[in-house]
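Below are structures written as structure tokens.
Here subunit A shows up in two complexes: once beside subunit B, once beside subunit C.
Showing the complex of A and B:
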């Protein structure tokens, strides 16, 4: 091994075989290594042990309401663009048991000791890392925090990856989140044909990497990586004009635009866009009681503003129509979110477009709204 | 003295018995159920019958014979709460396909002596004959939802039943959308949740056995499905299935033919 001093910001070249050893080191340190896998002709995030578990040579074809895997395009592990699954499920699980009480002499809490899992996320894209940082603002606040999220988040090890092959529904360049990773990570990969360029983002990342055999990348190799990243920007599938956001969506007169009626005819109100969205955070707490009324449990589940029951309050529904629910979602995500959390709620990952069964393209919807109100 | 336990009666009309079997399949919870209520009439489980009236009547099956009309009226008289159990009882079930055909012709094709049969030309949900207090959809029903409804009745509270479409359940369990990723026709977006998205999670499209989601946007899903049909009339057939007689599916199945021809 060369005697190279590495520190935060250093980029090294790591062979793919050495990367597998790095994954093994992570597990030895108590991390559960999770990353992309092919499942049911899609890609999901699940346990991985080595690079062999990843979707090698797989690219994805994505358009509104359309997702297909394409095989054999390359031998690389990260040439695909993620599918419906997002890292959200590891930090903000779809179902969490909040509490159980049992009737004894009085009502008693049933204590359950569950160890918080320590995840090492392998292959986090720029848009996805930005999404995690948005959810941080929601779940970890100065005045209060969600314990489930916070404990999982604090134990996280993040291996990010720069995107070199954006999909048709990607628009991260418009949102300023990619394809080059912008946020805070431990290590960040750029995958070339026979090597990973690894940029060190944290002390934890540095100390882990220091145990592996690496090299300083040649100027030639770094040049290739830069060229491919520049090409990825050019190949971005979609582009969103963000100039007048959030104003375009939050102006009171724009809330009555005809476009909302038009899109409401197509929207299924199924909520798929919100479930695949890596920043959507709505949840419902449901109570259940056993037959003999001696035990009760409260469970938190993912919910959606497209679920009519979500906006039901005593006496009626504040958003009784699909038009009202779609408008709520879009104006929150690209508008009111800014006031609430200091950033827009979208990172340009494109999942809401790809996974809409009705093929609604939210980028096109915003453009159509802009055209209507400016005409 | 302990309060008298509420009595439950389970009845079968025209059906396959699958929903009654779901009750028997409660296994772990069956003893709890027997502890909380007095199962007074349940021929599929026991021939011991206690006389009515009953507090809760669970009715499986649809009304397909003149005799069944009389029987269901007697059951209504005899019960405080009538719960229609499963798709046959809530929408007529698969046998309601006769509503779109000639029942007599079916009878002739199946039986050597159709003249011995006494049947109606239609199979209809229980609610078309008597007032029903609660409907639990599904083919078969989700046993946990049945238990929840009984628990809610006993505890004098509203049952906690899902009010969204299958898509939300599908996404919560991390299943891959078969419509988007495979091009498989799926009724998930317009179907009432409650099943746990079993079919999409196993790679096949939802065929709507839990019935129409009251808020479903059929006007959007029908053209989406007809545009990618693998054979003409596929969407129509998908809707004309276990819940063919449910009004929303009935209307959408008609629309699928019109849209398909365009």
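Showing the complex of A and C:
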């Protein structure tokens, strides 16, 4: 080991073999290491043991309603851009048991022991880290917190990674979240052909790294990394003008624009966009009983503002049309969210565009709305 | 979002360390009101909860019936009830409420709350009040009526405009006399009369024409079907009552009561915590947006 003091903010060069040892060290310390894996011609976040589990040499081609894995030019591990799956499922799981009660004299709670998993997330992109920080504002507030989210969040170890090959649907530059990671992480990687440049973001990150063999990166290597990052900004697939947000999407007259009718003809109200979005937080509680009706449970599940039951009230639905639902979604993300949580609800990850079966491009929708109301 | 009206935060029934875990309450009395509507009087089983639980007029609880789910229901009893009972007047419309309708005295249900903003009883002291409600809109106003009666000298002229579908649908008829005795002027109307009905026939907002309003000193509290609320607002504004002094209680699908599940949103507001009671001034910009 070199005799250099490392601290928060230091960047070191770490070989890929040493990185695997770092992952092993995390596991020995009780972390479940999760990261990207190729599955069903897509990429999911799941348990990983070593870098060998990652999608090596894979890039992704993404457009509205289109996703494809391709062979990349290099043999690197993080050349792809994430697919539909997001880290959201680890902190805000799609299904959580809320409570179980047993019928006695009245009702009593059946205590269930649930151990909180401790996750080390491997390969969190700038937009994805921004999404976690947005959800923090929703689930951990002074007046309320979600215990599942909070416990998992507090135990999280984050290995972020700077994006070098943005996809066609990415627009993080517009949202100020990437391609260089902006949020707070434990370690942040920039991947070069034979090493990772690792920036230290926390004391925990430092202490893990201090057990590894690392080097200080040469100016030459640093330079290559910087050039690749600069190129990534240039290669950003889309851009969104945010100067008139959130106003464009909150002004009442704009809520009656003809564009909403137009997009409503194409939208299927399938809710894919909300399911893949790393910031969407709506949920529903469902009820079940055992056969003898002596025990009942409640489960929290992800919900979507595109679901008709979401806005049902006795005698009607407050958003009975696809027009109203699509408008709710878009105006919440890029409008009302700001007043609610102090930030827009979008990080520019592009998932909602890639995974829309109707190829609706929300960036283009905002531009079209702008054009209509300003003309 | 900071809350717009007084809110008695945080809720005192329900376990803060759990997402939605209610406290248990026993049904001690059931009062049938009208066809398909009854009032359930609840007593918290845990004496500590009974002691610390307080609500303000206009707030609501989430009632939990195991196996069926939760429903947002306003309190309809006197917040200062001596026996510490909490009443809910419930219309049986669907999964949860119809099955609550099958419960008997002695049965137990779950309660979380209280949630949301309340009628601004303090802020409107010294004012003439118009309470305008239709159908199931009266129960959420009843705690305000009790409060007014208890503090009658603090309020000016009080008028209750109350509409129901038929004479049989009028709620709390035994109490009307008592309310009037405390100088609450009542204008009751039904959509359809019957052979014994000699009162008014028509819709609530019409009866604004029947009495004089001093717009400089009047506050309106309204709750009921959204269409009725709209007309009440319209009539109030037409009489130059400022939008800041017209208070409306809104209903939206609700799952959590604490600004987390997303269901109850309208624009930037979560009805469950920024409402359900709003001064109309903050809703004004959205009122004409269709299906918002």
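We take it that the second predicted complex is superposed on the first by the 372 of 375 C-alpha atoms of A that agree within 3 Å, B and C clash if a C-alpha of one lies under 4 Å from a C-alpha of the other, contacts with A are read in each partner's own complex, and residues count from 1 in each chain.
In this text, a contact is a pair of C-beta atoms (placed from the backbone, for glycine too) under 8 Å apart; a residue touches a chain by one contact, two chains touch by 3 or more.
Note that the structure is predicted; figures quoted are calculated from it, not measured.
*Asks:* Are subunit B and subunit C a fit on subunit A, or do they clash, once the structures share the same frame?
*Replies:* fit
*Asks:* With the two structures laid over each other on chain A, which partner does A:282 touch: subunit B (first), subunit C (second), both, or neither?
*Replies:* In the superposition, A:282 touches subunit C alone.
*Asks:* Quick one: classify A:255 as touching subunit B (first), subunit C (second), both or neither.
*Replies:* Touch status of A:255: second partner only.
*Asks:* Taking the superposition on A as described, I'd like to know which of subunit B and subunit C A:42 touches: first, second, both or neither.
*Replies:* Once the two structures are laid over each other on A, A:42 reaches subunit B alone.
*Asks:* On the A-aligned overlay, A:72 touches which partner chain: subunit B = first, subunit C = second, or both, or neither?
*Replies:* neither
*Asks:* What is the value, to the nearest 10 degrees, of the angle subtended at the Cα centroid of subunit A by the Cα centroids of subunit B and subunit C?
*Replies:* 70
*Asks:* So in the superposed three-chain picture, is A:314 touching just subunit B, just subunit C, both, or none of them (first/second/both/neither)?
*Replies:* In the superposition, A:314 contacts subunit C only.
*Asks:* One more residue to check, A:293. First (subunit B), second (subunit C), both or neither?
*Replies:* Touch partners of A:293: subunit B and subunit C.
*Asks:* For A:272, select first, second, both or neither according to whether it touches subunit B, subunit C, the two together, or no partner.
*Replies:* It touches subunit B, and subunit C stays clear.
*Asks:* In the superposed arrangement, does A:144 touch subunit B (first), subunit C (second), both or neither?
*Replies:* It touches subunit C, and subunit B stays clear.
*Asks:* In Å, how small is the closest CA gap from subunit B to subunit C once the two complexes are overlaid?
*Replies:* 5
*Asks:* Quick check on the output: what are the common subunit A residues between the subunit B footprint and the subunit C footprint?
*Replies:* 287-289, 293, 303
*Asks:* Subunit B touches which residues of subunit A in the complex?
*Replies:* 39-42, 44, 65-68, 83-85, 89, 94-95, 265-272, 275-276, 286-293, 301-304, 307-309, 322, 354-359
*Asks:* Quick one: which bits of subunit C touch subunit A in the complex? Just the residue numbers, please.
*Replies:* Going through subunit C, the ones touching subunit A are 1, 9-10, 17-21, 24, 26, 45, 66-70, 93-94, 107-108, 110, 251-253, 255-256, 258-263, 265, 267-268, 270, 273, 285-286, 288-292.
*Asks:* Which residues of subunit A touch subunit C in their complex?
*Replies:* Spelled out, the residues of subunit A in touch with subunit C are 96, 98-99, 101, 103, 105-107, 109, 138-139, 141, 143-144, 146-148, 250, 252, 255-256, 281-285, 287-289, 293, 296, 298, 300, 303, 305, 310-315, 318-321, 323-324, 327-328, 332, 336, 339-340.
*Asks:* Quick check on the complex: what are the subunit B residues that touch subunit A?
*Replies:* On the subunit B side, the touching residues are 29, 32-33, 35-36, 147-148, 150-151, 154-155, 157, 160, 163-165, 167-168, 171-177, 179-182, 186, 188-190, 203, 215-217, 219-221, 224.
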